[in-house]
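Two complexes are shown next, each including chain A; its partner changes from chain B in the first to chain C in the second.
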Partner chain A sequence: MITRRSFVAASAGLAMSALAAIPGHAQETVKVGLILPMTGPFASTGRQVEAGVRTYMAMHGDTVAGKKIELVVRDDASTADQTRRIAQELVVNEGVNVLGGFGLTPLALAVAPVINQAKIPAVVMAAATSSITEQSDYYVRSSFTLPQASVPVGTWAAENGLKRVVTLVSDYGPGIDAETWFTKEFTAKGGEIVEAVRVPLQNPDFAPYLQRVRDADPDAIFVFLPSGVGSLFMKQFADRGLAEAGIKLIATGDVTDDDLLNDMGQPALGAITGHHYSAAHDSPENKAYVEAFKSAHNGMRPNFMSVGGYDGMHLIYAALEKTGGDATGEALIEAMKGLSWTSPRGPITIDPQTRDIVQNIYMREVKEADGELYNVEFATYEAVKDPAKAEASGQ
Partner chain B sequence: MLTILFDGVAYGMLLFIIAVGLAITLGLMNFINLAHGAFAMAGGYITVVLMNRYGVSFYLCLPIAFLVVAALGALLEGTLYRRLYSAPHLDQVLFSVGLVFMSVAAVHYLMGGQQQLIHLPPELNGRTEIFGIGVGRYRLFITAVCAVLVVALQLVLAKTRFGSQLRAAVDDGRVARGLGINVSAVFALTFAFGSGLAGLGGAMGAEILGLDPNFPLKFMVYFLIVVTVGGTSSMTGPFLAALLLGIADVAGKYYFPQIGAFVIYGVMVIMLVLRPHGLFSREGAR
Partner chain C sequence: MTAVSESQEAVSAAAPEHLAAAQLRRRSAWRAYELVLWLVAVALIFLLPSKALLLTEIAIVALFAVSLDLILGYAGIVSLGHGAFFGLGAYVAGLFARHYFTEPVTGLLVAGLASGIFGFAASFLVLRGSDLTRLMTTLGIALMLAELANQMAWLTGGADGLGGFTIGPILGLFEFDLWGRTGYIYSLAVLFLAMLIARRLVHAPFGLSLKAIKANRVRAAMVGVPANSRIVVIYTIAAVYAGFAGALLTQTTSFVSPDVLAFHRSADVLLVLVIGGVGYLYGGIIGAIVFTLLRDWLSVITPQYWMFWIGLVLVVIVLIGRENLARWHTFLPAPVQRVFKRAASWRPGVKLGGGG
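And now, the complex of A and B:
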């Protein structure tokens, strides 16, 4: 009788033997398995990350260090057990050398047992909860972490005369990360949190929460919401006259997602956000990226998710170059540690200790240029580490 | 305080417009149509496409959404729903849930998974002070439209010939047929009308509830709560239930933000314990 346990053991065994078999092959191709939510509520994340990855391959060719890169894209419909099943299939049947993608934190966490056993790197290109990279030594992150984006917003708020702030976040992992770290930084610098509001993830109407914020009469409201919901929020924020009541909107960049910013229209103008990437970032690398991305994807504007995919792919290419084409998991992950390069978002480094990304966080304001809305950067916090890890290691 | 009450009323009104069609099919025609939200979504997307791609005015979009979705409802009624009127409820549920998933996938394929946004005409944006209460203009507009609809619906059902034909057809279809009432035509018209209302609700709700392919699944619970709490035997029941839920939801989230999302479920449980057949059900007084 095949019990569940023995089945798992058997498939794990298969995974190991598949792995053991890899060096024996004459390896001419390196397979990259991309697991993304391509359908369901987070499909836009998947779409952007995949587009970023494909743009990278279009710009830099599909051969590196004598190996041909083959991309396998699978849809997990943002269900964690699917992500894990697909990861297992990709490792066992397809023999992929690197996994990548992962639209949400639980999806990224679901593959930890698979990559631990198969000993292959998983490049987290989107999910942003700080703790992911601590769950396995094979995670590397090319996106960002929410504490990383929230702390500079807190610093900026405290330094720019905001005294009383209400926080409003979605009630799940990243939201709580954002709230915790913003509050920590802002109160340490002398600010006061008047009220902390958590909104259910599936929340249709912000009216009551916004009214509460208005009645608390703060100097500003700090917001983290996933991008689609964020755009609804912006409209209702403007509609309720909070801006006229003198309440400033400060947020992480998810709320003014480049992908949706133009549709938000006038209400978004003047919003102050802190994030690692804006399509309006002024550098030759970014100009080339935005141009290549738009022409290949029907005028779609790259957002912060896409750049996670782009840089994730660069990370894989650069690691392969460094190992001279050795695509075994251990070699790749070692090569990835400490890599640094100039991405479309600016200079970035993979922290050799934590395998997390170190990057600039930019303060931006939504402005109109050539009839389109952009997040225009006006201040930079350089080489920001994930504060959760910096604190843990006593730095 | 009064602002919260007003927001609650507006939210309840919006729920009512969308859910009333379900109350009609479920209560009057005894058909469990879980795909009702899909009709609302269709109305929303029609508005988005017309406004954003063709620049049609918002006010014009509302009747168009109503008519197109009503036509769609009539088409589906004639081809699919009609076969299931006499089927057991479980079959109806399975069928209509299947329809929901198909609609979600179809919309995803055609329009993409992202949140759709519309731009209201400027006179509906912002807020106005009325007797010292700040009210959103768009919410005021929703409330007005809904009030007109409630009165009109009640009049149609209670006073017109069609209303009495419909009530007769529901009470006893065979006798009604014997009296020369074209029962299937009456049902088709009613179904189309209910779908049209859902479409109108979806079009008006796009601004407040948001619009993405998962709309029918996300809001199914809300519609069902409105209909179960309200009972299905009259227009007044769902109307008051929608108001109650809207106010409870908004006030709960305002006063107790930590548990705000659960307040409406609490209200639903209490209502169903007290009046298991709905607020104004005929059997409810037992």
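And now, the complex of A and C:
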């Protein structure tokens, strides 16, 4: 029986929901603005992330919770002020609901004022400096942080009989992050850092540094280099005969980037790296991903950047599903916190406190399989949080 | 006939310096295209509010290019490191806002002052050597500053860039908005004031003496132009302008990345000036408009390959010859040309259509 009161309440409710639906109705599409370096020295990052994003959309369709997802891709040529301007234009003119991409740390940091003012989430799909997510409550990360990858390498080294290690890193923010966190973990577990070498980021020639490493005669050398200069390093590492001298090569996975690994050839064999994703990861999710990625992109192999794009897109899809299609910034960012799923890289979670990614770090060795080089995983450190933030919060 | 020439002779005999002054005044009078340009720039605030961010960028690049034009177009100093002053201004404005005072006009002046002092010191290096040496010296200074900014992470934030500051309202009154409108008005006002001063400078005897130095430094010295001190002065002023441009970039984006000191800044601004033409100040503005619009348009159409197209366009510009682009109106039919000629020769206070 319908009483007068409940009828009024119901019709008021209907009117309210109709009102609320008006802006929603006008916005049947949800726009995702992807800002990436598509030209210049970091173009490969942009290419991989975009390919990851498009692969996700190809595999899962472009409709979620009744909304059509529209992708807007822009190139910032890895120039921070361009990133910022493009972000602002995408928000103001295109009316994007979510921003994504960001190849390098300064590019991600440059949009902080925009996302704070516009209150929309920015999914960091590539940049890896720990501090990014602390600069705004609207950052969420789907890539990784360098401390996250470096600490397990330190643990593994200490547990596997390596006593004396030389570190060699590129002399810029992420390199220093990697050096700091590896050293902290390794020395805490009883290891000794014989020498800490920093090489310039621009036009690196490793020969003189490698000679110094050889003279120091350590058990192993820990390396962080931005993806791209890895092949040159591998070649010079072999040329200088460090492997014959019994010096093990341990590194973060950037050095043996899947995209470039095959071109590195024999010198890369046997390198031990710690990272969150390998194209050789053994899971049905990853098999499907690698297959879809390769067939859509001319046989290009997905690397760790691409999986950041893929999972970033999943994050947006899953958040929209959770909000039932409500694409306002506040709702999306709340929905993203605490989401968990099985990615091609393995199980991952968005830490609800830090909005940073929690994921497995795998120890891998470069091996040959079917005439190609792969990072083959042999050990797993499960659910690694970003150590920089874990330490700050006293865990 | 004879009466006229006699009277002309009488005037010139009476006061040659008056004639010279009149000639300078004529040269410095506002042209029609200048007025149109500024009126359009102001009108765009209302006509294209959605493009305010792009317009802001054009204004900043234009100011930077005008700064380079002052030394390249007038004093003939080639520089591949003009980005040093731009970047210094950007960092000083950022640091000032972060540690002292967030009001932008004060920050702008401080940044200009810092760049000016650095430019004054650096000007003694460009006094020496030929063009090639100057290219190397200026490039070296810029590279050194870039590396310093990268290494002094405690001050500049290193490779991560300098952020975490907000810019206050202009003069305590006008807040920067998300649409970039305040930013555009602010940048345009700074560009306009800077252009006013620059016009005054280059049309004064000072500017003429610079052109003399550019044409032939030895000969200029022989007619009594103190070449070295003139170069020091103009180089310092240009550094202040570049510092202003850098500060505007920082203030409108509230972020400084080490990229402000990167080599491509210096190269881009040279390119902008090559497109627009050197030695008449507006080359910087026109070049900035063409370059920025072209880049924006192409990079939206094809995010991966826009650099190819922009390269192609530049090659075409060079092949056609920039002079021909500047004389584009001479390729129009004669009646249309006459209209343009009249419009171009129009100046405030002079009646249109006279003479013919």
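The rule is short, and it goes like this: the second predicted complex is superposed on the first by the 369 of 395 C-alpha atoms of A that agree within 3 Å, B and C clash if a C-alpha of one lies under 4 Å from a C-alpha of the other, contacts with A are read in each partner's own complex, and residues count from 1 in each chain.
The rule is simple: a contact is a pair of C-beta atoms (placed from the backbone, for glycine too) under 8 Å apart; a residue touches a chain by one contact, two chains touch by 3 or more.
Just so we're clear, the structure is a prediction, and the values are computed from it rather than from any experiment.
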(Q) Let me test your reading of the model: by the given contact rule, A:29 touches which partner, first (chain B), second (chain C), both or neither? (A) neither
Q: For A:228, select first, second, both or neither according to whether it touches chain B, chain C, the two together, or no partner.
A: first
Q. Should A:160 be classified as contacting the first partner (chain B), the second (chain C), both, or neither?
A. neither
Q: Figure out whether A:323 sits in contact with chain B (first) or chain C (second), or with both, or with neither.
A: neither
Q.
Once chain A of both complexes is superposed, is A:207 in touch with chain B (first), chain C (second), both, or neither?
A. first
Q.
Once chain A of both complexes is superposed, is A:198 in touch with chain B (first), chain C (second), both, or neither?
A. first
**Q.** Touching partner for A:39 - first (chain B), second (chain C), both, neither
**A.** both
Q | Touched partner set for A:73, first chain B, second chain C, both or neither | A | second
Q: Check whether A:88 is in contact with chain B, with chain C, with both or with neither, and answer first, second, both or neither.
A: second
Q. Which chain A residues lie in the overlap of the chain B contact set and the chain C contact set?
A. 39, 43, 47
Q | Contact footprint of chain B on chain A as seen in their complex | A | 39-44, 47, 197-200, 202-205, 207-209, 211-212, 228-229, 231-232, 235-236, 238-241, 259-260, 263-265
**Q.** Touch list for chain B against partner chain A, complex
**A.** 3-4, 7, 11, 105, 108, 112-117, 119, 125-127, 134, 136, 138-139, 207-210, 212, 214, 218-219, 222, 249-254, 257-258, 260-261
Q: Sort out for me which residues of chain A touch chain C in the complex.
A: 36, 38-39, 43, 47, 73-75, 77-81, 84-85, 88-89, 91-93, 105-107, 109-110, 112-114, 117-118, 129, 131, 135, 171-174, 176, 201
Q | Partner chain A, residues of chain C touching it in the complex | A | 50, 53-54, 57, 150, 153, 158-161, 163-164, 166, 178-180, 249, 253-260, 299-300, 303-304, 306-307
